[in-house]
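I have a structure I would like to understand better, so I am pasting it below and will then ask my questions one at a time.
Labels run A, B and C following the written order; every chain starts at residue 1.
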Amino acid sequence: MMSSELRKRILDELEALVLIDPHTHINPHAAASKNLGDIMGYHYYTELAHSAGLPREQIEEPGLDPKEKVGRLVTKLDDLENTIQVSWLLEMCREFFGFEDTAINADNWEALYDKAEATMAQPDWEQQVLKQSGLEQVYLTNDFDDPLEGFDTSLYIPCLRTDDLVFHFGKPETRERLQKATGVEVKDAASLVDAIGRLFDHFTKNGARACAISLPPDFSPQQVELSDAEAAVQLALSDEISAPDESATLSRFVFWTLAEMCTEYKLPFDLMIGVNRRVYEGGVFQGQDLFDKRTSLILYRELFNAFPQVTFPISVLGQTSNQELVSYSWIFPNVVTNGHWWYSNIPAYIEQDCRSRLQAVPKTKQIGYYSDMYKLEFALPKFAMYRRILAKVLAEDFVIERGWSEQRAIDLGKLTLRGNVEAVFGG
Amino acid sequence: MMSSELRKRILDELEALVLIDPHTHINPHAAASKNLGDIMGYHYYTELAHSAGLPREQIEEPGLDPKEKVGRLVTKLDDLENTIQVSWLLEMCREFFGFEDTAINADNWEALYDKAEATMAQPDWEQQVLKQSGLEQVYLTNDFDDPLEGFDTSLYIPCLRTDDLVFHFGKPETRERLQKATGVEVKDAASLVDAIGRLFDHFTKNGARACAISLPPDFSPQQVELSDAEAAVQLALSDEISAPDESATLSRFVFWTLAEMCTEYKLPFDLMIGVNRRVYEGGVFQGQDLFDKRTSLILYRELFNAFPQVTFPISVLGQTSNQELVSYSWIFPNVVTNGHWWYSNIPAYIEQDCRSRLQAVPKTKQIGYYSDMYKLEFALPKFAMYRRILAKVLAEDFVIERGWSEQRAIDLGKLTLRGNVEAVFGG
Amino acid sequence: MMSSELRKRILDELEALVLIDPHTHINPHAAASKNLGDIMGYHYYTELAHSAGLPREQIEEPGLDPKEKVGRLVTKLDDLENTIQVSWLLEMCREFFGFEDTAINADNWEALYDKAEATMAQPDWEQQVLKQSGLEQVYLTNDFDDPLEGFDTSLYIPCLRTDDLVFHFGKPETRERLQKATGVEVKDAASLVDAIGRLFDHFTKNGARACAISLPPDFSPQQVELSDAEAAVQLALSDEISAPDESATLSRFVFWTLAEMCTEYKLPFDLMIGVNRRVYEGGVFQGQDLFDKRTSLILYRELFNAFPQVTFPISVLGQTSNQELVSYSWIFPNVVTNGHWWYSNIPAYIEQDCRSRLQAVPKTKQIGYYSDMYKLEFALPKFAMYRRILAKVLAEDFVIERGWSEQRAIDLGKLTLRGNVEAVFGG
């Protein structure tokens, strides 16, 4: 009892804190949802419903009305009721739409849909969600050719997403987008570096706070000899299919260039390590990626040594990578733990990972959480889940085990939830 | 206190459920034990006693009387008293034979042995064990050439074990057994496929519910070109020692053929992933196998994509593989989590794995537990261990953390304990 | 409440036990600290302060006064207050120097420094620390050419550290040290074996209780053909740079020879598996090493089979290696679990690892803990941390879950804390 009351008191304090969400996939031109279809269209629900047996064709039928789509997904919700993802859905419906049942089912979903749609139709819905969720700023993940116009960049903070540059420069459309965005026609390694520099220029002028990339488990950043880089660039420009070695060289060259730009433009470089794309090719949109746990941060040894001025907030996809992340952050000044990503973003893993980080990484080097959301409504239940776990760990490991005062534990929690976001990304 | 009472109430409900045990090594012609030697001859006890210092020669002395064998093993039980395996032994002795001491030792083992032997001599002992254990059906692991005769296949459900076919087809005795079982003389790849088809025919006609195999950590299923398969089969038939590459090709060909038959015969394909055989060659019978944790479900990518109609209940030997299993089951409709296998079958790992599965895998895609037993008496303590952990997780994660009703949590537990066994394997 | 009182009672009993610390880096000629600089100079504090932003140059400035060094480190202590390592520091200051504040900061550190220095100046300080820490014997890690003179080898127990022999025999200084220590000029494989034998002779005559080595994650011990060994030795002697293959052969030959000597001299062979040296080259002294979790005990298969008479107490650096350690100790009679090493030596990991070991490894095959300390004062807080976790696991898993008596649980704890140290290393 005492322990649960303590935890509750700590949680109350954490819940009072206004947040900055340092990694999302929000479209700032349509940040909030318009109906339940926007929420349940999130890949967590479509992929789980598909995993439970709903054919992809029914979920992704061209021209499907959002309400009909929700109706189809609802048929599978009972099979998913145990998942933490469905608990987020219920919490959103409870908190935003006053939903009071314990499950969304055939009997109640239509009323819920209509209620939600009416609520979301309010002109200030986006602001309501931000306020109710306690969100002050939301970091984006912008395509490298995003003009960054037409939205409030002091609320929606740009971040430069670079996957396409590193892994798809061999595709003509990537190069066209790059040329259009920068005015630079890439003819060689030097003009490629020039073009990338212009992207950094554009992004930092628009208030960007990070460069970000997701990486496959076997990626190993290394400095590339200029002559090798040149050969790889020329091959890519020739529109011939690159050999794997060549394209690995090109990826490394672009990646290394990004790190150099992060030094020059003083941007943190968010690394999201470990995802294999398109593993399940028959899966729904964004529900095809998985991972190979046989990866190691030792692959980043050369990078961390070469760029002491760049801060690397690191997310790992595999929970078995967490101890390496703890240890590398404990040793390397420029390595910072960052959130609980995707397949590791469930309470069973968050609790273990949060606990080990708080026990062994300097408190100033931990970004507690980000929502990774596509629609604004998700920050509320995701941060709520994290704060409950954080409050538990603070209560048990710090107040009870180590005799800390409650206030000291709360301050530690607030630092990882918000203070470090400001310190690491600038604010 | 409240939490432990809650857990107790949930446990009581789970204990009332009659079970189907979906994976065992029971010999249906001698399912129950005849004496304590049958129970303590289980490799868990012989290998642990040997690990604690009892020479293999003393344990496996030819012609050793079972009582004498038990007496020798008892000398090491104190060294093993901490293990969960010895707690199973005590629970069996308590529940089946009224044993009341807290340990089996030099002073009490003979009386226990005699009491147990007398109890087990009752003509209906097998039925008593089934009833007391709450077992309705017990799945077997039959050699591919098992005639499946002389036992009740509605109680003891056949499953086709295929390790020998996939990994030992190069041995003449395997091929002889195959010919004897099917009447087909394998002369080429086509006749090998034909022979395997006849096994499936035989097994499914006798009520088989699964094809099963255990796999080494480096096995990677892939479709093989027919010409390569043909060459590999011919080499195997030639009685020459295959090169590793050739035998890998053959293994892949046979494995892929099994998956094709699973499609045709609508059988789930139980994959038990990660065991290295005969690592400790001086070990006791069945106490020589270990593992290399450096494996990944990414090795099964091609398989899962190629056979969407086949359900793959998957057991992983390494606890560090559990998150991959959770994630692959969350994404692939045809991947199902299956029990807690061997070196992962201890409470410390079961609790973590159970928790993560219940938080992220559709509830209909989880086979909670199987006993893996060789003798019928083991289902009772093994399932009891699992249910206690399951009740704890349901109480803590669902009723307390997520506000579920007790009944809803109990229903979830029952689904993973039994409902899904019926749904996945048919029943 | 009941549970916390139970845990407290078990802890009280464990705290009353006088300990043998079976692995440290104590210098027996200067075992205790002289000032707070000796304590805070421990790499855990320098590397964490550096990780939190203190430049290496400030920490390792040549000729830096210890008090000034402490003052500089103190500026970063607030950033590290969450770490378990800083909790050790506070516990030392509280227990040894009567420090009563909750943090060491700009206001109080000088008084603490002076108080500590005065306390440590007492002529019997070393004895006081040993007594207050409940330490009866302290195992050392001696260089192979240590004369082992000038200290009480019944208090400070020699152990032969062999990293230099296995991994740096190619360096002329290693060979010179070997010649000086043994009087043998290594001219070939046979004389190398002879020289190593003399080291064992010298160490065992001086009461050595173990041979010890730390190993990189990709090391794979194998027996080497004598001709290959001879070639590798000759190449090393030629002062030419060895190819990686050659030096791997030499490392394997020396390692295998050590195992043979352990058989002959009846010494346990402590293996500390998994460290990559000098990963962060800009790091502080002893704060540069990290690891690659992609390692497996399967690499030691040949070794464990070849030396059944040698006991191998094994420490793993990666927490993801713990299950393999549990399983290999459960199967191989000569494999013993040993402590919680370095990056795994934090409560979050100790608790999981302790729990799984106690559930599945014979109780006689577990060395619960060693301090790994460089200065004597560290045993107190490190063992205190371990005992609290051990008491928790004994209370929860054995008394509550399995119905053991408190005394039985306490006895199990004492066995792993002390009894097994005596049994495994002799005493």
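Some observations on this one:
In the analysis below, a contact is a pair of C-beta atoms (placed from the backbone, for glycine too) under 8 Å apart; a residue touches a chain by one contact, two chains touch by 3 or more.
Note that this is a predicted model, so its numbers are computed, not measured.
Where touching is counted per the definition, the chains common to subunit B and subunit C are A.
As for how the two copies subunit A and subunit B face one another, under half of their interface residue numbers coincide. Chain centres here are Cα means. That of subunit A falls 39 Å from that of subunit B. In subunit B, 294, 320, 352 are the positions where the chain touches two or more neighbouring chains simultaneously. Only residues 1, 47-48, 50-53, 76, 79-85, 87, 102, 276, 279-283, 287-294, 318-320, 343-344, 346-349, 352, 388 of subunit C touch subunit A when the two sit together in their complex.
Only residues 2, 294-298, 301, 304-305, 308, 320-321, 323-324, 326-333, 352, 355-356, 358-365, 397-398, 401-402, 404-405, 408, 412 of subunit A touch subunit C when the two sit together in their complex.
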